[in-house]
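Can you keep this structure in mind? I'll have questions shortly.
A, B, C and D label the chains in the order they appear, each numbered from 1.
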Amino acid sequence: MNQPSDKLMSLKDAIERFVADRAHISIGGFTINRNPMAAVYEIIRQKKRNLHLYAHSNGQAVDELVGGGCVSRLEIAYAGSGRFAPTCIRFRKAVEQGRLQVEDYSNYQMTLRFMAGAMGVPFLPCRSGLATDIANTWGFPASLRQSDPKLPDHKLVVTENPFGTWCDTTKVVLVPAIVPDVTILHVQEADSHGLVRIEGLTFADIEQAKAARRLIVTCEKLVETGRLKQRPDANQLPPFCVDAVVHVPWGAYPTACYRHYDYDPVFLNRYKQEAAGDESYRQYLEDWIFSHKDHKAMMDSIDKDRLASITADGRTGYASGLERR
Amino acid sequence: MNQPSDKLMSLKDAIERFVADRAHISIGGFTINRNPMAAVYEIIRQKKRNLHLYAHSNGQAVDELVGGGCVSRLEIAYAGSGRFAPTCIRFRKAVEQGRLQVEDYSNYQMTLRFMAGAMGVPFLPCRSGLATDIANTWGFPASLRQSDPKLPDHKLVVTENPFGTWCDTTKVVLVPAIVPDVTILHVQEADSHGLVRIEGLTFADIEQAKAARRLIVTCEKLVETGRLKQRPDANQLPPFCVDAVVHVPWGAYPTACYRHYDYDPVFLNRYKQEAAGDESYRQYLEDWIFSHKDHKAMMDSIDKDRLASITADGRTGYASGLERR
Amino acid sequence: MPDYTLKEMMAIAAAREIKDGDIVFCGTGISMLAAMAAKHISAPDSTIFFETGAIDSLLEEVPLAVADPRVMYYTAVNGSLADAFAFMQNRRTGAHVVGIMGAAQIDPYGNLNSTVIGDYHHPRVRFSGSGGACDVASFVDRTIIFMQQQKRKFVPRLDYLTSPGWLGGDDSRTAAGLAAGGPAAVITNMAVFRFDDKTRRMYLDAVYPGIDPRQVLDQMGFEVDTDRAQTFQPPTKRELEILRTECDPQRLILG
Amino acid sequence: MPDYTLKEMMAIAAAREIKDGDIVFCGTGISMLAAMAAKHISAPDSTIFFETGAIDSLLEEVPLAVADPRVMYYTAVNGSLADAFAFMQNRRTGAHVVGIMGAAQIDPYGNLNSTVIGDYHHPRVRFSGSGGACDVASFVDRTIIFMQQQKRKFVPRLDYLTSPGWLGGDDSRTAAGLAAGGPAAVITNMAVFRFDDKTRRMYLDAVYPGIDPRQVLDQMGFEVDTDRAQTFQPPTKRELEILRTECDPQRLILG
């Protein structure tokens, strides 16, 4: 949390400053929508290592961070990119090869965990997962939980309802709060002080943002404070939540950014093939990420017609009629 | 909860159908803003009795329901109307005369209680109220709690953090969910299916709405479904939450309705005087509520210039420069 | 009898389970098509809703993920995950929700695995994980499950229980503290299964035209009662037309 | 020395407690004026915020309640009660919040009563109740309290503890599980009090010009240390001008 002064910085600076090796980070978006991809690519480019990653349902960002070798522990509900990768490809390989420690929760549980962090309470209750392996089987060894002060001692706690059978409920699952060192979001609009506007579904971005010790916001458009304050009902995060504002057009590419651009089916289909083999993936990392110095250079390397084809139309907010096979 | 068919009805019908004597009801708004006053007046007019009322910070609606003799039990955080009545007047009299049972919570606790109801969990945790009389002193006798299945057995439960000291928290206050029989809101816009748009602050209206078994929405403007769906980010409640939609222009008067009208300082100042004496209050009830058959008749009785003076200007959403002494 | 693909049959079978007024929790793919078809065919007042928070989306084009921007256009409300799951956990709204889901493994009581094959700590195959599946399965009173009819998918014991069905049968589900209802139907590429009202064990309810119950059993790792099996009523011309022209004209999901 | 009213003095005294970068939780009346004055005078990067969910309101006109539509105009975010209180309970944002509040009674440790005078079940006087006062007092690390200097308001023992201050002093507040910080200053129409760093008991920090510490003690129901009392620096011309012309030109609160 910072003062409401000017927080504009480059993405390189923001990642250098707020994302350390071994940091606990959380990323916004959902499967193929509004993933903070520019930030993800910069993290890979800066070769951050042993990150502890939190997400609910995330696809492209999780897979690239895992594939880029940045992540050693992952707490997640769902790793997939819709029809393009029902299970994230590099994630799957890493788990099957024992290179990634995973703790599984459900989507609502992860959402509640971020919400607990945002609310400043150690846990929130739900009825999800009773009698399942999500409740009964722990991914992280108990020894890890006990030795790491950044992890709660329990994956979750199943307990009796202290109010008897109030609300026809006998048992509840208490899920522990997440307090990430840093959360990274990509949003449609922000101003230099950190006032944030997200359009369309907010997923769990707001909860993830408020739960974190630090918040990096990359934005599609950098706008005047005055303009956002004319319609405060449409804004979600006040400046005092935000530490860094980075202006990154196409910052969610190849995932979608509602009202700006669609996901890129050409990229995602090709990624699926390239991620399938270790050698082709190494080549992908080199060609797409390491050989470009920043997101602008990455985007400049893409055919303009392709970007035009995924540009959102004003009526629907996505690219109507886009060929998506 | 109803099917998403047409839910339009008259206020008289909605109150007759959904508000029974002894019902547990919750009302939206906050002190002098967006109180569902038309519905409150109709409840008084229909002489509903022994209502169990839930509110967080409410002013005019609570005071009139109490003054109208409709309420026997009240769970609340704050009963006041800002500068017009730092403590609600008829409420204060009723409590001091032992005619109203009150259970005190804090605003956040009441908010969390509605949120728990909305989420379908029996309680939510917070750190508010530890070591206070809000935690230690109960308003409702334990016998009442045990005999009434509509009340939880405990006002609240203070407990150890089951996750040790996770989030630097040792103790939490668990507050029980509220599931009102009916919640009543006044909103800016709705359609006949029950799609709802609130402008400006939503207070705890959304939580109160989702917590309830039944929901009555009175709206300033009744609009086409198509129009609201053009800007879904601005809508809050889907049709499947709503049971009755009632079109009532000036439905929050004499409290404010952002972007439509301000509170009426003339009314509120006069109310303060009239509410001060039992006889003058009886006269007020007769003249203002019982002698008018509905809200339209009430509003027709008010000087047009006065209504013009509190009409919101398009720039600010309130009546700029209004004489408010 | 019109020609149809198995995918079309499955979509229509699920669509028929949706009643007017239902709130339909959709996943991606065929479950979304089923919900769209139901809304166009027999349940116009049903509400399609996604765990991402989109409620009553128009779905002018088929979304390829529940976070596809196509779910955000012309909706009643664009909310959040927190909102969406709360609607299901809330007993009043949850009672109207029908959840449509799939999985990698199913057991005789409709419990589902969408997490791993093999040992959790050293999995042979890792899948996406629960997503919202465990949540919807825990909260709502009626779920419909899509499965491929394969022996390795219909298993006597799951490798990992991701989403609770009827647990061990009888009243074990409510005893565990879960919603009273549970799995209502399993729709595969060969048949439709339901669960006994008392024991809660799966039984064969209907086989698709031309399929013998024995063929279905051959593709299962456990026995089920086939005595109640009837022949499934194939998609009507109207159902197919709506599915093809209104729901997936690009055949992105129907293939 | 310019002329000023006691209300003006109190507003400026509170405004001086607000540091640049603070998030200021405001009630109605004079506390709102203090926050507005601070923002105009010395803390331009402070954020005025209301429990109703309005953050960084422009306040072109003085609101008469925290739900006044005037708090909704030209804000950064129009949220909800749930949002507002979570910002305070959240330890990272909460650490920057300074809460300004009032009460009917205060005790030597800054605990407050805004609920009843007399027995809770048969009160002699009933007040509005906590509102958000108990919440802000529980959550945030610094609160400023406005009081009228009257013997019946400064009491050795509250009739009802609505909002926790330093509880019984020493480390009793943290031992109870509350936020580490607590009441920082009590501002009355005669004086400013603070709390001892160790014992957490109230002491007289400053008296307004022309007031003798003894006069203050006469208006209190308990003894406080007066040894540290200085004379309060009265409002400057600039402070008064801003307060009068920028904050409350209609004198709705200043009277």
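Keep in mind that, in the parts below, contacts are C-beta pairs under 8 Å (C-beta built on N, C-alpha and C of every residue); 3 or more make two chains touch, one makes a residue touch a chain.
Keep in mind that this is a model prediction, so the values were computed, not measured.
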Pair joined by more contacting C-beta pairs (A-C or A-D): A-C
Centre-of-Cα separation between chain D and chain B, whole angstrom: 27
Chain B and chain C: spacing of chain centres that average the CA atoms, whole Å: 40
Where chain A touches two or more other chains, by residue: 117, 119-121, 126-127, 167, 169, 172, 200, 233
Multi-partner residues of chain C (each touching 2 or more other chains): 72, 78, 89, 91, 139
Chain contact graph, described as a line, ring, star, complete graph or other shape: other
Chains grouped in pairs wherever the two touch, ordered by label: A-B, A-C, A-D, B-C, B-D
Residues of chain A that touch chain B when the two form their complex: 116-117, 119-127, 152-154, 157, 159, 161-164, 166-167, 169, 172, 174, 176-177, 179, 199-200, 233-234
Chain A contact footprint on chain D (complex, rising order): 20-21, 23, 45, 47, 49, 55-56, 58, 72, 74-78, 86-87, 89-96, 139
Residue numbers on chain A that touch chain D, as the complex places them: 1, 3-5, 117-121, 195, 210, 213, 228-230, 232-233, 235-241
Chain C contact footprint on chain A (complex, rising order): 29-34, 56-57, 59, 76-84, 86-88, 91-92, 95-96, 98, 104-109, 111-112, 115, 126-134, 136-137, 139, 167-172, 200-204, 206-207, 256, 258, 262-263, 312, 316-318, 320-321, 324-325
Complex interface listing, chain C residues touching chain A: 28-29, 51-54, 60-61, 63-73, 78-82, 85, 89, 91, 115, 120-135, 138-139, 160-164, 167, 172-173, 176-179, 250, 252-253
